[in-house]
Structures are given as C-alpha cells and as structure tokens.
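In what comes next, chain A is part of two complexes: it sits with chain B in the first one and with chain C in the second one.
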Partner chain A sequence: MGWHLIRFSTILVYLFMFLPVAVVVLLSFNANQFGSFPITGFSFRWFIELAENEAIIRAFKTSLLLGFLTAIISTTLGVLASLALVRYKVPGSNFISTLLIAPILVPEVVLAVALLLFLNFLSVHKSFFMLLMGHVIFTLPFVVLVVQARLMGIRRDVEEAAMSLGATPIQTFFQITLPLLAPAVFAGMLFAFTISFDDITGTLFWKPGGVETVPTQIFAMLRNSISPEINALGSVMIFFTVGVPLLGAAIARRIANKQSQ
Partner chain B sequence: MSIETREARQPWILLSPALTSILLLLIVPLMFIVVYSFWLRTATGADQVGFYLDNWAEVLTDEFYRDILLQTLWIALVTTGVCALMGYPAAYFIARSKGNKAIMLLLLMLPFWISYIIRTMSWINILGVSGAFNSVLISIGIIDEPLQLLYNQVTVILGLVHFLLPFMILNIYVSLEDIDINLEDAACSLGASRWQTFLEVTLPLSLPGLAAGGLLCFVLGAGTYITPVILGGPRDAMFANLVFEAIITQLDWPLGSVLSLVLIAVLGSIVLVYNRFLGMRQLMKGLA
Partner chain C sequence: MSAVKLENIVKKFGDFTAVHPMSLDLPEGSFVTFLGPSGCGKTTTLRMIAGLLDPTDGGIYVGDRQINDVPIHKRNLGIVFQNYALFPHKTVADNVAFGLKHRNVPKEERERRVREALELVQLPHLANSYPKQLSGGQQQRIALARAIVVEPDVLLLDEPLSALDANLREDMRVELKRIQEQIGITTIFVTHDQSEALAMSDILVVMSNGRVEQVGDPKDIYTNPQSRFVADFLGTSNILEATVAEENGVAGVKTDAVGFVPLSSAQMDKLVGAANSYLVMRAEKIELLAADAPADDRLTFTGKVEAVDYQGQLVRYFVEVNGEKFQVLNMLGTDGAMKEGQTVSVRFKSEDCVAVGEDA
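Up next is the complex of A and B:
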C-alpha cells in the first residue's frame, strides 16, 4: 500500500514539474489571439510573428553570440584549471577548488553588484564586454565541476606510453590528451552555453541600455501581459536549451563510441 | 632551470588564467563593495569617497529592511520545507524502484535545461485570470468569475518550489543510493516493520542529502530576484529586489553595496554553520 502511495506522489511531482511547461508549448500553437485558454485551433502564426519581430531576432543573436563566446572562454579556463588539479599534486588544492567554485556560493545578485561596481570603477561601463566577463565568471564553476568529473575517468598510462615512445609533452597533449579530453571539453562548453543562454539576473545588471538577451526580452515583454508570442518564444527556447544539448549528447556518445572501437 | 622546478611550475601556469579571473572578477570586486559601502551618495550623482557609516546605519536600523529580510528568510524556509516534503518520496521512489532509473533521472535533470524565466512565467498560463485552472472551473460551472490566484506570497513560493525541487530530489537521491541495502534488510529480518525500518535506518542515513538539498534550496531561494517580480504582488518583494532597486533604479550604489553585503553575510553565515557541522563534500556530490 505504502509503495503505491509513494509511486503516486512521485507521478504527481513529475506532473508538477512538467505540466506548466507543456502548457506553454501547447498554447504556443493555439490560434486564440490572447495567448490563453480556450484552445481555438492549431496555428503556426505566433512562430511566424516571432520570426518577423526584429527586437526578438536581435535578442536571439545577442544571446547566441554571448553564449558562444562565454562557452569558449569559460571552457578554456576551466579545462586548463581542471587539468592542473587532476593531473598534478598542487599544494593547497582544496583551497583552490573552493576558490574555483566560489561564484556558485555567492548569491548571483551580489556577484552582479560587485562586478558592476568594480568594473565601473575601472571605467569599464555596462557593455557587451561586461556581460561576457560576468557570464564567464559564473559559468566557470560548473565547467570545472563537469570537466573534473570527466577527467578523472581518463587513464594516465596512455599518456605515459606516448611519452616513453618518444613523444614530447606538447605532442602528447595534442595527439593523445586532447582527443581523449574532447567529450569533457564538449560537455563543458554545452553546460556553459546553456547557463549563459538562460541567465537573467546578472544580465539585467550588466547589460547596457537597448541590448537585450532572450530572457531579458521575455522579461520585458512580461511587464505588459502574457502574449501568445511569449509562449511561442518559450517553445523556441525549450527547443534550444533541451533539444540542442540532447542532440549534442547523442553526438558526443557517437564520438566516444568511435574512439573505443 | 631544472626539470623539477619546471614540473612544479606547470600546474600553476595551467591554473593561473582561471584563478586570475576569479580573483579579478569576484574576490577583488567583493572587497571593493565593502569599501564602496562606506562611500556616500550625493545629489550631483558622483559618489563621495570617504568613511561614512550612514548607509550601514540606515539599513541596520530601518524596520523596512529588517521586515523584508525576515520575509525573504521566511519565504525561503517555507520553500525548503515544501521541497523536502514533496521531494523525499520522489527521491525514495527513484532510488528504490526497479524501473528505468536512467530515464527518471534524466527527466529530473531536464528542468535545469529549461529556461528559468519560462518555467516561472508558465504558472501565469496555469493560474492566470484566463489560465488553465480558471478555464476548467468556469467550463464545469463551479465559478462564474475567474479567481484572482496570482501575485501573492503563495504563488512566489510555488514558483520557487517549482524551480528548486529538482535540486532537493537529486541530493536526497544521492544519499539514498549510498545506503547499504543490507542494513534495511537486516532491520527487517530482526523484526522491524517497514515503517520502523524507514524511520530508524533509512531516514537517519539520508539526512546528509536532505541537509545538502535543504541548504541549496534555502540559499538559492533567499537570493532570488526574478520570481517575486513575475509571480508576486507589490508587497511580496524579497531582499534581492531591494538590491536591484537601489543599484539600477535609484542608482544609489553605496546603499546597494550595503544591502548586497547584508545578504551575503546572512546567507554566508548559514553556509558556514552548515559547513561546520556537515562539511561541503555532500554538497559537491549532489552538484556534480
């Protein structure tokens, strides 16, 4: 009896998590012009209007560029740091690990204020550059955690074999370590991209006037009221942040399979 | 240069870009706002450099700030409690079921990938005046006029629970998985009922996960800015909203610095107490 109750409550928990999101997707295909119930028919019109909305297209481009640059910088920093922590005996490595994940431990609002005020003091004003710095710093801990976990799984003796066969450390890194590292690098980049693409709190502090990312654009649109366009935008966002990583994971798995063959 | 010193230097070369970034973009800025909090906002717009205690005095004595801080902690506390009550059975089910765990865990991770603002605003579609809930009630004739369900403290907590529940479930799940199943079997074979076994063996052993999940929910919940803006009414502001108000709207950066420092001090001391008694390892397990 008890087990059935637990099963039932688990199903309710999953419904609670996914039903509201499913409703967003459902309503984005609703022909009703107010973006709400009742469902009056199936339509793509909100997606078409979305594609014609210049502000949203601009926000999308900003978000993509920001996410992409954040992913590259953050993953580069994160992979190098993880290599040092996993491969070498570094004195004070516990303290260093804590430092590297510190941006998660600080509330995002506080991190946002501190960076804004400090960079402003250095005469770096609200700009795309400040946004990028901010996104790099708060995606870095997640990259470090993911990459470190993956790195632990790579065996050291393959590299040692290459070295003992006469490869230089640099050759070994590019021909042995980096290919083995590829899934970790890829996972780190995806993670950083998704977090950056989704961020809103920090972005609201750092973005210059007139520049919007997709989440801040949605936020601004919500000020008026919920519109069918927001639901459509939500559906597109869900596709990007859920569909793309799932696709990425599938590709990563294929690469890994090829390597193990 | 000998090989040894080069070997010893290599990790620091690898670490230096990341550590420099953390130092310049986080640690120094945090120290900088401590200094900034003693400056003074002037009518001309340029902040007066100096050592003024005015902002600190205002924030620490004004009841307005105290009330919103208490309200923030209260909302975070209730959110954490609800997450624990909803999350525990689900985590238990996933850990002990014979079904497809991988799928259940993947589904649990999925919300992390769905935009936070989309998940928050999705509740307007459910509870809004022309949302799903009201539409159903009106169409089956229970009510004539739509109910005003949104924009209060309850919907803020609802939004936060929706956002934080996966963190709680994952953390409890991790600690439940760590329990040696033989312990439960031993308790049962020694005559304990299933309920007794749960209360005296399983639950105590899963407390570290519950605590780690609770800490995450509380700290993330108490630091939220967006949820109260989208799902709360004018009286449901949380502490992060005050920070935003001071920094972005009023441009009173010294005051904003003080408010930020108060928030990080309160939440930081909670993390420190947790760390003192339970350590950070469980938390890292849940995050990775």
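Up next is the complex of A and C:
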C-alpha cells in the first residue's frame, strides 16, 4: 500500500515537471494557427516560420555567440583559478575560493542589479561585452567547482614525474594535466554554455538596447501575443539545453573511460 | 652516471628545520639508502636532490656540476615515486617514451630503447596496455623502466616498494637490485624499512630528526652502531645504561643488570667525552639455555622467562635478569621453546656487546 502511494506521487511529480514541456513540444507541431489545443494536424509550419523570422534568427545567433564566448572565457579563467588555488599556496586561498563561488549564492536579481549599478557608477555603457562579462561572472563558479574537484584528484607526483623526465612546467600542463583534466574542462564548458544560453534575469538587466537573446526574445514576444512560433522556439531551446549537455556528458564519459580502462 | 655530492645542505620550512646541515659523498655507481623513521628528513633530502624542493642553503653536485639552480626538467635524473605516478592517459609504451620524446630522440631509436627498457623490466608484452590495467608490481616496473630509459645521471627512488604487498615487495627488491647492478647507475633509495635498507645498500645513511646519524656499510652499521638511535632503530637491541669502569686492568662498562662487561678499546673510544654511556646487546646475540646447562666461557646469568612470542623459526623471549627486561631472539631448538615462568641460563659474549655514547 505504502509503495503504491510513493509510486503514485512520484509519477505525479514527474508529470507536473515534464507535462508542460511535453505540451510545448507537442503544440509546436500543431497545424492550428492558435498555439493551443485542440491539435488539428501535424506540421512543421511554425518551425519554418521561425526560421524565416529574422528577429528570432538574430536572437539565436546572439545567444549562440554569447554562450560560446562565455564558455571559452569562463573555462579559461576557471581552469587558471583552480590551478592557482589547488596547486599553489596562495595567501587567502579559502577566501578567494569562497568569492569565486559566491555568485551562485547571491540571488541572480541582486547580482544583476548590483552589476548594473556598478557599471552606472563607473559611467560604463551597457554593451555586448558587459553582457558577456556578466555571464562569465555567474558561470565561473560552476566551472571552478567542477575543475577544482577533478584537479584535486590528479596526483601532483604525476606532474612531477613528467618534469623529472624533461618536460617544462608548461609542457607538463598541456601534455599531462590538461588531458587528465579534460572531462572536467569539457563539463565546465557545457555548464557555462547552457547556463548562459538559458539565462534571462541577468540578461534582461545587462543587455544593451536592440540586442536580444533567445530567452529575452521569447519574453518580448509573450508580451504581445502567444504565437505558436513560441512553441516551436521552445522546442528548439529544449533540444539545445537538454541535448547539448547529454551529448557532452556522453563525450566526457568516453574520455574518462579511455583514461581509466 | 655520476657521483653525487651534498655539501652542507639545509632545508628549513619557516622556523622548522627539516634537514640540518648535511654533507655526503656518494660514489659513482653505488646504491645508497636513506633510512629513518617518518619525519627524519630523508624524503626532503631526496626531493632537494630531485629539484622538487629548493635547499635553504648548501650545494648539490652531480658529477662536477652544481645543480642547485638547475630546474628539475634539466637535471637529467630518473625518479620513481611511491605511488608509481604513471600517466594514466598514456599507454605503457608512451609512458616509457615520454622522457625520450622530450630529449628529441628520433622515432626509431626511441622505439628500440622503449622495447629494451621494457625487456629489462621483463614486461615487453604490456607495451600497449594502459596503467590501470596493470597490477601494482607491474606499474612499479613500468615506472622504473620510464625512469631509466632516458639514461639519467642518478636514479632516485622514493619508497618505491612501500605500496606493494609483502611477497611482491621482496621480489621487487631483488629485481630492483638486479637492474641497478646491470646498468650500474648511481641510485639513491629512500625507505623506512630496515630490512630493505640492509639487504640492498652499498652505503647506508641512517637519519633521524633531520640529521645523519651514521653513514657506512650496512653490516658495519648494524654490528657497530655509533649512536643510541641507530642501535635502537636497527634490529632488536637491549640498551642498558652503563658507566665506564675498569676491573683487573681491563677496561669495560658497568651496568646494574649484568655487572661489569669488558670491551675492546675500539668500543671504549666511542665513550670518550660522552655524557651518557650505554651498553648495547643485540637480541640474537644472547642465548637462553636450560638452567642446568654446563658452563662455558660466556658471561652467564640466571633469568626468568616472562613472555614467549613464537615467530616460526625464531622465538622472541622477554627475560628478566636482575630486575632488567631483556629481549632475546633464538632459533627454535629441537627440544622446543622455553616456557613462560621457566628459570633459564642467559649467556652472551662480551665481544658481541657494543658501547654507544650520547652527548648531553
């Protein structure tokens, strides 16, 4: 009896979580011109309209570029920060570590407003670069957390062995440390990309006029009307934000497996 | 291959001195062991030679080259680590080839030398395996092959056997010594295991608290320790407080438990100027006989067996003689071991006794 209850409530929880997503995906293939039930036929119509909507294409490109750059910058900084914190004795390393993680703990709205006020204070105008920096700030903790954990698992004596065999510290990093760190670097990059791609709160505050990312574009479109295009766009977003990490995890697992056969 | 010379090297970590001024001359081709309990400075010294730590003061020479300021990757040393430290993402062959690649050895020669090194450690069939697929002993052999394939000037071994289980450790010990003799490389071996140290070394360096206690031939150090620490650390010893004395014109020491023991002038010289004197008796140099055994020319005392610790061929006895507890290691006789509570005749030769002095 007890088990049935647990099973039943579990199913309800999952339904509550995934049904709306399923509905969006389902409706995106609906031929009806209103983005709602009943479904009148199967069609790619909204996807085609989506592909022809220049504003959305532009937003999509912006999001991809933003996500990509965020991932690269965040990962580079994150790897360097982790190396410094784990491999070297940095004064106040605990404090620095906490500071790097802090953006996760601070509510995003607070962070967003704070950065905006700070930029105003410095009389720096909003720009794509500032938006990018904002994204880097709150994707960095994820990269640092993942990379640091992996780095602690890489024994120092492996690096020492490489150096004793004639590799310079830089060669040691690229030939030994980085390949061993690869799964974490890769995972960190994906985290950074998906978080940036998904983000709306910070982006709304930071984006300069005229620049839209996919989430802010959807938000803007919702204010006017609920077009079936949004369903199609939602499906594409779901495909990206679920598919990319899944693909990434699979690749990361392959790398890790190869190393520990 | 080169001689190694340490000239007054010192290592301080803040206020703590890990290695006090230390000088050593290690001849070319010798197998040198740093032996001591953990925290004695042996690994610190090895890491300074390796270039993984900078000495606070002093000079390190390999051949006639001072290497203090040479970074580790230019020192041309082979290091074998306690936990193997193989590169997990590279095959065995790539692991061994790593040092050769960084020395720009052409591909064909590289492949030949990797093969030879793997043959030397008797694992040529594992060339394409990954480290995780190998057993601990195999990994350690590969680590050794990787270190020696580059023909380093000196081979440094940091407790290379301690991660292996007991049987394997003894096999590897023999193997390591065979390979070292075959290629004749100057080797510095760090261990806290005295049987490894005694069995393998040409030169034994016993360390304690960041200082060298004694340097020399392992057998000499075992039979003639120069300090109380060495006497206590190596083997099982009975160490009695003693005072210098003379009886019937013969020099010796006087103790509470066994009275006067005559000693050679070489032993007596060790006590000159010492604040405290001790008489050292190795546990295996004392023999227990039945109380009614016929007398011989040895020093003979009566004792009582307090505990018997049966160890196979050997039996360790704890025997009380005149209020002092002695440890005795004897072979198991044909008529069995002594019993607890038994009164026995305790015998030893004064020539087997050693004196050690200690400064205040």
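Note that in this section the second predicted complex is superposed on the first by the 251 of 261 C-alpha atoms of A that agree within 3 Å, B and C clash if a C-alpha of one lies under 4 Å from a C-alpha of the other, contacts with A are read in each partner's own complex, and residues count from 1 in each chain.
Here, a contact is a pair of C-beta atoms (placed from the backbone, for glycine too) under 8 Å apart; a residue touches a chain by one contact, two chains touch by 3 or more.
All of these numbers come straight from a predicted model, not from anything done at the bench.
> With both complexes superposed on chain A, which partner does A:L222 reach: first (chain B), second (chain C), both or neither?
The first partner, chain B, only.
> According to the stated criteria, A:I176 is in contact with first (chain B), second (chain C), both, or neither; which is it?
After superposition on chain A, A:I176 lies in contact with chain C alone.
> Who wins on chain A residues touched, chain B or chain C?
Per-residue touch count on chain A favours B.
> Once chain A of both complexes is superposed, is A:D157 in touch with chain B (first), chain C (second), both, or neither?
The second partner, chain C, only.
> So, A:V185: does it touch chain B (first), chain C (second), both, or neither?
neither
> Applying the touch criterion given at the start, work out whether A:V136 contacts chain B, chain C, both or neither, answering first, second, both or neither.
A:V136: touches chain B, not chain C.
> By the touch definition at the top of the document, which applies to A:I230: first (chain B), second (chain C), both, or neither?
In the superposition, A:I230 touches chain B alone.
> Of all the chain A residues, which ones make contact with chain B and with chain C?
Shared contact residues on chain A: none.
> Please give the residue numbers of chain C that touch chain A in the complex, ascending.
Per the touch definition, chain C meets chain A at residues 50-52, 71-79, 81-83, 85-89, 98-99, 102-103, 130, 132-133, 143, 146-147, 150.
> So in the complex, which bits of chain B are touching chain A?
10-12, 14-15, 17-19, 21-22, 25-30, 32-33, 36, 86-87, 89-90, 92-94, 97, 107, 110-111, 113-119, 121-126, 128, 130-132, 134-135, 139, 162, 165-166, 169, 194-195, 219, 222-223, 225-226, 230, 240, 243-244, 247-248, 253, 256-257, 260-261, 263-264, 267-268, 271, 280, 284, 287-288
> Going by the contact rule set out above, which residues of chain A touch chain C in the complex?
Spelled out, the residues of chain A in touch with chain C are 155, 157-158, 160-169, 171, 176, 179-180, 258-261.
> Taking the touch rule as given, give the residues of chain A at its contact with chain B in the complex, in rising order.
2, 5-7, 9-10, 13-14, 16-21, 23-24, 27, 34, 36-38, 76-78, 80-81, 83-85, 87-88, 90, 96, 98-100, 102-111, 113-119, 121, 133-134, 136-137, 140, 144-146, 148-149, 194, 197-198, 200-201, 204-205, 214-215, 218-219, 222, 226, 230-231, 234, 237-238, 241-242, 245
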